[in-house]
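What follows is subunit A paired twice: with subunit B in the first complex and subunit C in the second.
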Partner chain A sequence: MVTSDLLILCAAGMLVSAYLMVGQKALFTAIRLYSVQSLLLGIVAVTMAVSESRHELFATAAITVILKAIVIPWFLMRVIDRIGIHREIEPFLNVPASLLVCVGLTVVGYRVSTGFPVGARNVSHHLIGVALSMVLIGLFLMVTRKKAITQILALLTVENAVFLVAVGVTTGMPLVVELGIAFDVILAVLVLGILVHRIVDRFESMDVSRLSKLKG
Partner chain B sequence: MSFVGVDGLRAVFAILQAAGMLAAAPLLKAVIKKMKARLQNRQGPPLLQVYYDLAKLLHKEPVRSETASWVYVAGPRVYFAAAIAATTLVPVLMATAPLEAAGGILLLVGTLALGRFALATAALDTGSAFGGMGASRDMTIAALAEPALMLGLFTSALAAGSLNLGGLVRSVLHNGVTFHPSDLLAFAGLFIIVIAETGRIPVDNPATHLELTMIHEAMVLEYAGPDLALVEWASAVKELLYLTLLADLFMPTGIGTSTAPGAIAVAFVAWAGKVFLLAVAVTVAESTNAKLRLFRVPELVSISLGLAFLALAIRFL
Partner chain C sequence: MNLLVWTLAVPLVTAAIGGVGGPRKLNETVMVGGLLLTFGLSVATARQFLAGVPPAAFGDALRADGLSALVLVLCGFVGLLSATYGVGYLRRNEARALVTPRMRREFYGLIPAYVFAMLLVAVSNNLGILWIAVELTTLASIFLITFHDRDTSLEAGWKFLVLGSLGLAFALLGTVLLFAAGQGHLGEGFSALHWTRFMEVAPLLHPFTLRLGVVFALIGYGTKAGLAPMHTWKPDAYREAPSPAGVLMAVGMVNGALYCLLRIHLISKASLGPEFSGGLLLTLGLLSVLIAMPFILIQWNLKRLLAYSSIEHVGIMAVGVGLGGEAAAFGALLHMTYHSLAKPVGFFSAGTLAQLHSSSDLKRIGVGTISRAPITSVLLMLAALMITGSPPFALFFSEMTILRAGFLSAHPTVTSVFLAALVVLFCGIVYQIGHVVLGPPRDPADRRVPLRERPDLGMGTMIAAAILAIASTFYLPEPLLALIRAATAVVSGRP
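What follows is the complex of A and B.
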């Protein structure tokens, strides 16, 4: 299998996982899907590192796999276990309608990616298309889901998409920036995890739409 | 290709392929059953048990309801005939389907739909509650699964520029395997469809006769003896057919392009290996998922419909 095939396969796999996340109500499965998605991102980074001999990408791949495919999913699963809420009961939009919207978003993302310069054909075209679609799907998930955990996962999906472009299309980011982002992500997840605990403590539910009742 | 030049040869080829698929289909069912049993720490029935069961059923005297009309008798026969006819439209060992001049993707989907229609009307014929319930459930799922199947197949057809399955495989072999994101999307969509159409676990449970959950089994609950054997055999053939189709469309490497014995032997090993890999995937999916509530099944099938549609849309962009 050629390098470009492997890259496209992984990117398409990430898109499928984002898509399945939309069609999924069980929180555990959604977290596992995120873990698989991060693993695929790690494979993309390793492939780029080997094929273009950019050795600093090995560090990126290691950070991605350890942090996003193992630590964060483990932490989120622990949070769910603690608070004992396992399902997204009723999103603002039901599953078939969400899927339909996401199909539209992906088409938009792909269409926009064709507007990039001619140099960005083939692999880059697909990577940018997938990443833009994932950003849009992630934003859509954040808006339509009520559970705080799903919203965290959506944010992380957007972050994965941005990373996909950074690793696959650009010449890469300096290691310092990457470490900074990694640290940011882990902090965000920790803070959000604590926030989820607080929300559940106060409202006995993860439903963030209830937060509007806080208004005086 | 010289070996398909003469009509007579073509007919022999079609008969051989149909016979081979008929003979191999129960084995696939047995292998999946065995692997599933192993995953559950059970021994599982021996691989040949499926053949013994079929032989036993075929030797029995048919028992039919007094209210049954000819529709009831015709149902399993049309279903069986449709499954056999469908096997001649799909390339298995050769990069050509025996009767590919008759039609391609549309004919294949139509033939399978004809079989399903015959079985559903036959289930309604005796007027029993179970038959009617099973038929209505099966049709509900089929109505969603069929467009998804078509869209998924069209995605591959669009890339190859041919609606003909033989032509499709040949064009992929000719142009070399180039990968496009839509392939993975279409594969994921079609895999869900295969699970739904063959009545495997997230959708239907082939191992139980629990009245609340069964779909396909409820439809054929009234059949006994040779009639039942025909239904089960045809279902097995359909399953093998779907897995072969997935292997053809998404990993055609190794399929034979000449009639040399060596090439056919290689093609046979490749085909058996690919179908076995897909069977493993089906088994894992079946063992790691819980059966969905009936009203959530359309949700699952709509995911695959969305994936297939997306695959088709991305092809154009």
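What follows is the complex of A and C.
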């Protein structure tokens, strides 16, 4: 019982971090929230590894914590430091309204998750509910925010949600595949970082809503 | 070593050498030689398949069945065309001192890397590897889109990367959900994500989880294919990318992404029946064909015009697969083959024209180009006729095959709308390009002499591609036809 409580707690924590990300504007805090979210994902993986003695999940947890809780946040903070932009400007939708929309999205996520099989410890559909809600919130963040860094964080939130399903609901993705995915993700973040640099150099802003010359 | 592994190793090594830099002659030789060898090896792999020994490697993680072999050969072919045209393209820019050492390294490194990633997509039998390979294509192409380092190319690159990554996140969620649907049946370890394993246990997959997974995966890979409404990155990216990279995106990536869609569709079909994913593909495909219409009619840029034509063609192939039935599937794969032969001609001639005028905007190119750049203009007109499927060219026959199957299937209304859209698109593209090529020069700007077209490697590739595309109308080599049949057998689920 303790295991499933812990799993649900961590999953709920990840959802809360996604909400907090929607709710504030300081970019540093948003990155720290992402770091905490990844750490919670790591705890989910460790819990699963211990409770079901699936040792390959320790590797998953290690990759998750090192890469997503430490390396990627560090890299993103460096990018922000270099370009010296610390706050998100007024989003297309204000914060209270955004949070209300997110509550709606969570309801949708949970509603869809009721179609899943209950699973071994009665937690699968909770995890899927959280994951689907996070996917929707990530999408929402992506369309309503203007700063390039926030869009990257939204993407990474969606990616964390996918891994929550992979770790919590399946018997774990094969390790080779997981290593490949981790490699690709870090490469993608690197490339995104480089692109943000180039955009800031060129436009003297990382407001991506200015990127609107191409139409038709 | 295994033939399949060689096919993948050669472009990878080519990319590594090209990325290091070095003298221009060496770079050019390595890229053309490497991709020529790659094409040869992909043909050899396909021959090995036809001889009855399905090539496989790494415990079946890489495997070539009929569908893989067809996509492999087509991607290898386009890779070779892109390399030879690319060398000519870069030489022309170099003659005008537009090329920095950074650009040269990116160009010679990323084009073979892109080809490598596409070939890896084509032979992945493991859904995890498949996802990784598609992500690699995204990463390899992003700096090709921002190649010219203009404001607009950064914009296009950003949109491409964000939308592409989001699509890939969806595809990953889809993959994980498919995996979740097979819990307890797929077994343990690496082989649990093998596509062949999924097909074996298809009837046992959990239906609801599978449905959700299929939806996410189709939307995700559909983004990479450029199916509407996830197509918005395509016109921007095609306009900004240099034409040798554009042709890789328009043919190689389209075929690769369609390959992913087909694999997911086949799992869904084996488990849930053809209606679910088939209906989804049919809807997205029809939407793509319809959405291309207005944008082609009002288009202001030649390469964006080709992008919308590419959206149309992905739509046509998706409709062909979505209609269901063997005849329609054959039509779709035939269309894929003919499209891979015809589209490069369009891209190369449009690219040359854009290079001569230093812009691909229709306003800058002006009208009546036939008097200024006759060979390129004739080829562009020819390409326009080919890609719109006008008789007697090959795409007419593949489109007729799909339409015929459509009218005989359970979706005659959809097919009628589809046919009407194809007619409008034909008129739109032929009108637009006809105007550019043959239109009467009105203002003095249309009469100015731009840079002259010169017989060089780029021109040679363009003419060779055109000859091959026309020849394919009248004659398809027997082994290629056998490959298309084998691929059709895979798609329609025959052993």
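FYI, the second predicted complex is superposed on the first by the 208 of 216 C-alpha atoms of A that agree within 3 Å, B and C clash if a C-alpha of one lies under 4 Å from a C-alpha of the other, contacts with A are read in each partner's own complex, and residues count from 1 in each chain.
One rule holds in what follows: a residue touches a chain if its C-beta (ideal position, glycine included) is under 8 Å from a C-beta of that chain, and two chains touch if they have at least 3 such contacts.
Please read all numbers here as calculations on a predicted model, not as lab measurements.
Overlaying the two complexes via subunit A leaves subunit B and subunit C side by side, clear of any clash. Put simply, if you stand at the Cα centre of subunit A and look at the Cα centres of subunit B and subunit C, the angle between them is 160 degrees to the nearest 10. After overlaying the two complexes on the shared chain, residue contacts for A:110 are found with subunit B alone; subunit C is out of touch.
Looking at the shared chain after the overlay, A:203 reaches subunit C, while subunit B stays out of its contact range.
Of the two partner chains placed around the shared chain by superposition, subunit C is the only one that A:162 touches, whereas subunit B remains out of contact.
Note on subunit A: of its two partners subunit C and subunit B, the one contacting more of its residues is C. Shared-chain residue A:40: touches no atom of subunit B or subunit C.
Applying the stated contact rule after C-alpha superposition, one finds that A:174 touches subunit C and leaves subunit B untouched. In the superposed pair of complexes, A:76 makes contact with neither subunit B nor subunit C. The overlay of the two complexes leaves subunit B and subunit C separated by a minimum Cα distance of 18 Å. The touching residues of subunit B, counted against subunit A in their complex, run 177-185, 188, 298-300, 302-303, 306-307, 309-310, 313-314, 317.
Remark: subunit A residues 112, 115-117, 131, 135, 138-139, 142, 148, 151, 155, 158-159, 161-162, 165-166, 169-171, 173-178, 180-181, 183-184, 187-188, 191-192, 195, 198-199, 202-203, 208, 211-214, 216 touch subunit C in the complex. Taken together, the subunit C residues at the contact with subunit A in this complex read 126, 128-129, 131-132, 135-136, 138-139, 142-143, 146, 149, 151-152, 154-159, 161-162, 165-166, 169, 172-173, 176-177, 179-180, 183, 188-190, 192-193, 206, 208-209, 212, 235-236, 239, 295, 298-300, 304.
Listing the residues of subunit A that touch subunit B in their complex gives 1-2, 4-5, 8-9, 11-13, 15-16, 19-20, 23, 95-96, 99-100, 102-103, 106-107, 110-111, 113-114, 126, 129-130.
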